């Protein structure tokens, strides 16, 4: 996974040349990250992602030593330097990782932050994505709870992802293909380890409030599209009872947009699959970004499979 | 900080040659760490630290691919390869960092863990340590709470240290030299960001229960020494009220053993400083490890200062 | 109370012939129930009640082995078989009780669910109802809290009613005629043991959110009527402070629709009684169901009393 | 399961003749229950079980209308009337179910309680028990939490078992043979749906405090035996971290005494199986009751299997 | 501070003549208070303050023995008797303090409440107020949490202000001029010790819901003005993350109306200071009360300073 | 109640001459208090009470400007100046009230604390005390919860007693003579509004841990006496279940020592009344202070009654 050019503290170098100090405080969780993407080889909502990165950093008292505009330019440069590897149907994920930096000695505080911007093509994982689009996913409630906000606010996209990790492990005990649904310490539905969750009941679109989850950029876009499409929608305190009785459920993330849920805690949702609202939203999203998101991924996978034969 | 030899996934290399993949899940908090040390250039309680590392890893479902005995041998080898840099009054801290490993591609789970063992000399920070021994520290209650155990058990020495980071920031808003005291979400006293806390009231030694804090190796040794010295002691649910009314307070960690607290939330503790129990325990600890811990650090610092003149 | 015909696992039999196994898991709380009713000897909102029953069952992973439509037909049949006992001013309550079924042996899981539909005439309790309509009730805050949703979601109409039972006992320690008001573990107002609660402040109608209480069918109807009557209304996190300062309070349930509260925790509410909003809503409800609900019950009671003399 | 004689509200009748009113408040969870047993066809700790039943009832404000001594006599009578069905290697479980009684009409409170004492032979499930003794069980942490004590005290053996039911369902999603381990809303280890849990670490026996779980009669006996055997033991606030790092884990209940745990959340415990402490305790328990508990069940099962061939 | 005329249990006397019994239950926190004010020497929102006083008293089961109208008249009388001390640019704060009264003996309950209405001129503190208007304040998150509503509802303006006191102390450890921001036990933003808090993000005005804070009269007026000015506004569950990323923050209280925040937890907010929304609201408030609130205070202070020279 | 001499900020004056400023921060809860007493007209455990007062003040950052020794001397002086009013069978309660002091102006912090020491004879309330000794009290669980320690530590004897006040009101709704039992927000038993609570089960004496309640001086003495009398005793997390099933319950306070509980939440405790352990402890306490505590009060009351006739 390592042949690409990335930005590392001021330089554009190969990933394999990056040398992260063992004394970087980011190795013990002291930082934030982001994941943006392109559509049709063009920037997509980078500003939103970079703004959110700066919100996270501000909450953690980390000064990246760069302005949002500078980070935008770096993103563009990183993308351009890696662009030629992209197939036409491909797109790329751009990752940001910022920490307080490396400790100069065992007791001293870091003097300058570590900033990395790197990227990766999506097509190598199109096959997995295609499967989830077509077959839907199994969503399973995890036992491990989300960190409460008086410890770490869920809206900070920080690098302390162990709770999510454990939740993921627990879901996969039930089904190796399952995705986890994480509750907060009061039992309210929050999010998946790296996804937001939506449900539809009686044609109304519902998603947890932002006090329970990361403010997903895709989540925000879905809510906007729902308004445009006149789909009634609300941010609410959702519970497992709501999920059991949902007509449709789907999860969202920047890398795959929407995965429809076909099974929730072993309960197969009512037909049709995917549900009508899910379909309308996904199709509106595709229109908005100018890409037939599902079609492209499915066709690409089919083509690759043909080729193999 | 980077000229030493370390163990990195099977090899003994220079720290500056270590190349940690940007796709290592440890960069988003997926791992555990440890910090052991030497006394008089000899192993000290390594078995206890390595056992605790394995307890942490087991709780996180990470298999390091090594047995505790193998990790012990690696520790010895790492120490030996770095030993010659040590001055006679010096000792070294040995760090362990283990993650689930690097993702082979954007969606795939890591196939083998990352294991790093590295070390550092303590003498470069003797001046800071000496100051804290002699002047005592200011302990300040932070606003950010410790993660509750249904999210991440405080006994796991994981790499998700942001809460502690924020607590540290808050304490330093009050006093740039202050150490933070972290409470749990019910308001009970837990620990410092990387230290355990003890107090003495009416000659009784008290420290929070293990359900509130990391099971510090130094903490355990202090409790054993107290028993040997017939100092009454107990693990209890302590509160800020207890701390305000303590006769003595001190914090413990592997790297400095004991720092006496001279001020708690701006309240200067009653004289003498350090308190009698703190002194007895520190002196017993010194005897146990065969080093005049405070004397060595203070004298070394004095000597260095003389030299500078 | 036992001479009526009921549906029991496929058969229409007399209640006194029902033989519930001692090994039915429903005897240790493993099930859901419902209570619907007729108005003017005709079905009233049965679909809503049956839907809610299925929501409860789905959340409990109980498959009743029947479709909602089949349960509707059973309801009709049960009602018809008992209809002739009804006086003109009378109506009946239809009860549903569904459990996972009886264990075939001490360790084995039930193989088929238990489904019972039974009913009862309301007129024998008209006297009590009339008293509450006319004199109002005393609402008293209980000490026992509502189960939090991470244990059992309050929207499930399950058969684990002990908390409510204890709350009821506590209210009746204060006043044998009192009704309990149950708070959740954060102190928010939830509901009565089998009633929803509403209050009016400055002409605005308020009721707890559905995350705190059962989604009462009558509750939903009241909210709809309020909208039709242009009474401002909202679902909110209400507290005891709100209740103390309410202009009007009333509770709702399927069997009696609305009971106005005359006293809250010993505090007599301001006159007039019942309050203007309560009256408008009750009268709208009566219109909707085509029955002068209060008048019918009061007159029936008066008539019976006359007769006795 | 229904041919035995039971005690029902004053009469000794066949289980199949019991007629529990549909209006019994016990059907919506209003009651307590107990499960005692015989060893060698003789009473075993009945007094303790009956005392606990009365503690439960008192907490629920239910007066059974009988003294503990009277219930003891009833138990003896029920047992005697069913004794002849017992094979020599067999024993029986005696169940108690007490509710506030049946409502005389839709609004009125029950006037007399319902008291049932019934029993069942254990040998029909010896095969399942033998398997668990020999192969050990898989213990899986559930997502659904135990009711907090301000709702219902876990020490009351009440009939509101839905939380446990859901926990059981969740564990069985992971493994159809798994047993659930339930946590409280703070994340502490409580108990299984009908079992207490014990663990051994460094030869010390640990079990959750009684504020987290039912005061199991077998649990109490195990603690006494540990004291007699000079096994260090303590009641503590245990966490999932403790369970992951336990040397041995076992669960206890009246019907099977001890089931050793072989796997915890997919992690196979260290060999040998069962662990040394588990074995010593089980063997001491067998001695105490004068029955080779495991041997008897295993041999009986083997014999039955031989017979089948 | 004591030369003014006040109302004390029916009499208008000098403050220095007031004799509050040492056995008044108000001395151990048993009461409520209020602080209203004048603008241009005229009553301002007295009705709202008196209503809120009665809401507080009702929640505490204290009957002041007066009607709201009577308290209004007393207020007017108190104000008139102190009016002549007022300079033209001055105004006065009117305080209410009501307790259950004095105990007649050590065990007996008070027989009549204590009611005090007193007042004070604001101009002596104009210098401090002017400084806060011009330089802005530093808002610091405190460690001590707000009492949860199941203990004391934050909307009651009671006299149990110790939590706030401690929070204030903690903020002043960071900066002697700082104001505290208090969180609730879940970590949500509540209020300052005697102020409400507002923030602006992307031109939207946000303030905590009333379940988290006192229903400030100034807070309510600000929300009304926002509506009039077409500033989008909402009452929400705000967190420290929101505050860190706010464009503007200000606090409100009756005595000073609005203090703009210039620094939050050491983070200096983006320019300009004060922010545009803050300015518009403050200016609308000034218009509403017919006083250039900031100008008057600043000019008065400048004039006094001139005079001193 | 006001003719006695008290200490007020340096002077010994009549209570009726005390002039507490309306701007004293103690009027809005900013302080601590204490209640000590004499036995046989001699100091009793004053040092313990004064120490506790200083612990409270330290936790509240209030410096009384006096040493504990000075406060002791003041206590003695206050007592002496009031001693002659005492009858031989009488004794007196000494009260301390300390606040941060009066605000010099509306915004300024107090510059010196307010310290009051005052006292009262007990005999005027002997009749009430005698009744409680002889008939026992009714203890009723309140709905209002104790403030959690992250707001105000229950061990601080502060003047914020409203929660207790509300609890008391709630208990008296059930029975005008009842005493309240307050739970914490987790449902554990804490204390009465001004009393500690003890229970006896199977001859073992139990009382809540100090993390749940004020560290009563009488409570501590009772625990010491229990040890001397070889009564097994423990400080535990007690619940309402424990109270329902207690053999004996009693509450303790400085003014009356022990009140036996005859009824708990309407449940009359088993005979005899008072229980054996309660009696032994009370009699040991009497011996310790050299006064037949119950006898004296009962006889005094009888004598007074005779006189009246």
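Note that the chains are named A, B, C, D, E and F in the order they appear, and that numbering of residues resets to 1 at the start of each chain.
Please note the rule applied: a residue touches a chain if its C-beta (ideal position, glycine included) is under 8 Å from a C-beta of that chain, and two chains touch if they have at least 3 such contacts.
Quick caveat, the model's predicted, so the values are computed rather than measured.
*Asks:* Looking at the contacts, which chains touch chain D and chain F alike?
*Replies:* In this structure, the chains that contact chain F and also chain D are B, C.
*Asks:* From chain B, how many touching-chain steps at minimum until you land on chain C?
*Replies:* Minimum step count, chain B to chain C: 2.
*Asks:* If I average the CA coordinates per chain, which chain comes out farthest from chain A?
*Replies:* F
*Asks:* Which chain's C-alpha centroid is most distant from that of chain D?
*Replies:* Greatest centre separation from chain D goes to chain E.
*Asks:* Averaging only over C-alpha atoms, locate the centres of chain C and chain F and give their separation in whole Å.
*Replies:* The separation of the two C-alpha centroids amounts to 46 Å.
*Asks:* Whole-Å distance, chain A centre to chain B centre, using C-alpha means?
*Replies:* Computed value for the inter-centroid distance: 34 Å.
*Asks:* Quick one: which residues in chain F touch 2 or more of the other chains?
*Replies:* 61, 145, 148, 150-151, 183, 185, 187
*Asks:* What chain-chain pairs meet the touch criterion?
*Replies:* All chain pairs meeting the touch criterion are A-B, A-C, A-D, A-E, B-D, B-E, B-F, C-D, C-E, C-F, D-F, E-F.
*Asks:* Across the complex, what residues on chain E touch chain F?
*Replies:* Residue list for chain E touching chain F: 1-2, 6, 15-16, 18-23, 25-30, 33, 60-61, 93, 95, 97, 100, 102-108, 116, 118, 120, 122, 124-125, 128-129, 144-148, 150-152, 158-163, 165-166, 169, 185, 255.
*Asks:* Inside the complex, what are the residues of chain A that reach chain E?
*Replies:* 55, 58-59, 61, 148-151, 153, 155-156, 209, 211
*Asks:* Which part of chain A faces chain C closely enough to touch in the complex?
*Replies:* 183, 186-188, 237, 239-241, 244-245, 267
*Asks:* Can you list the chain C residues touching chain F in their complex?
*Replies:* Touch list, chain C to chain F: 140-143, 145, 170, 173-174, 183, 185, 187, 265-266.
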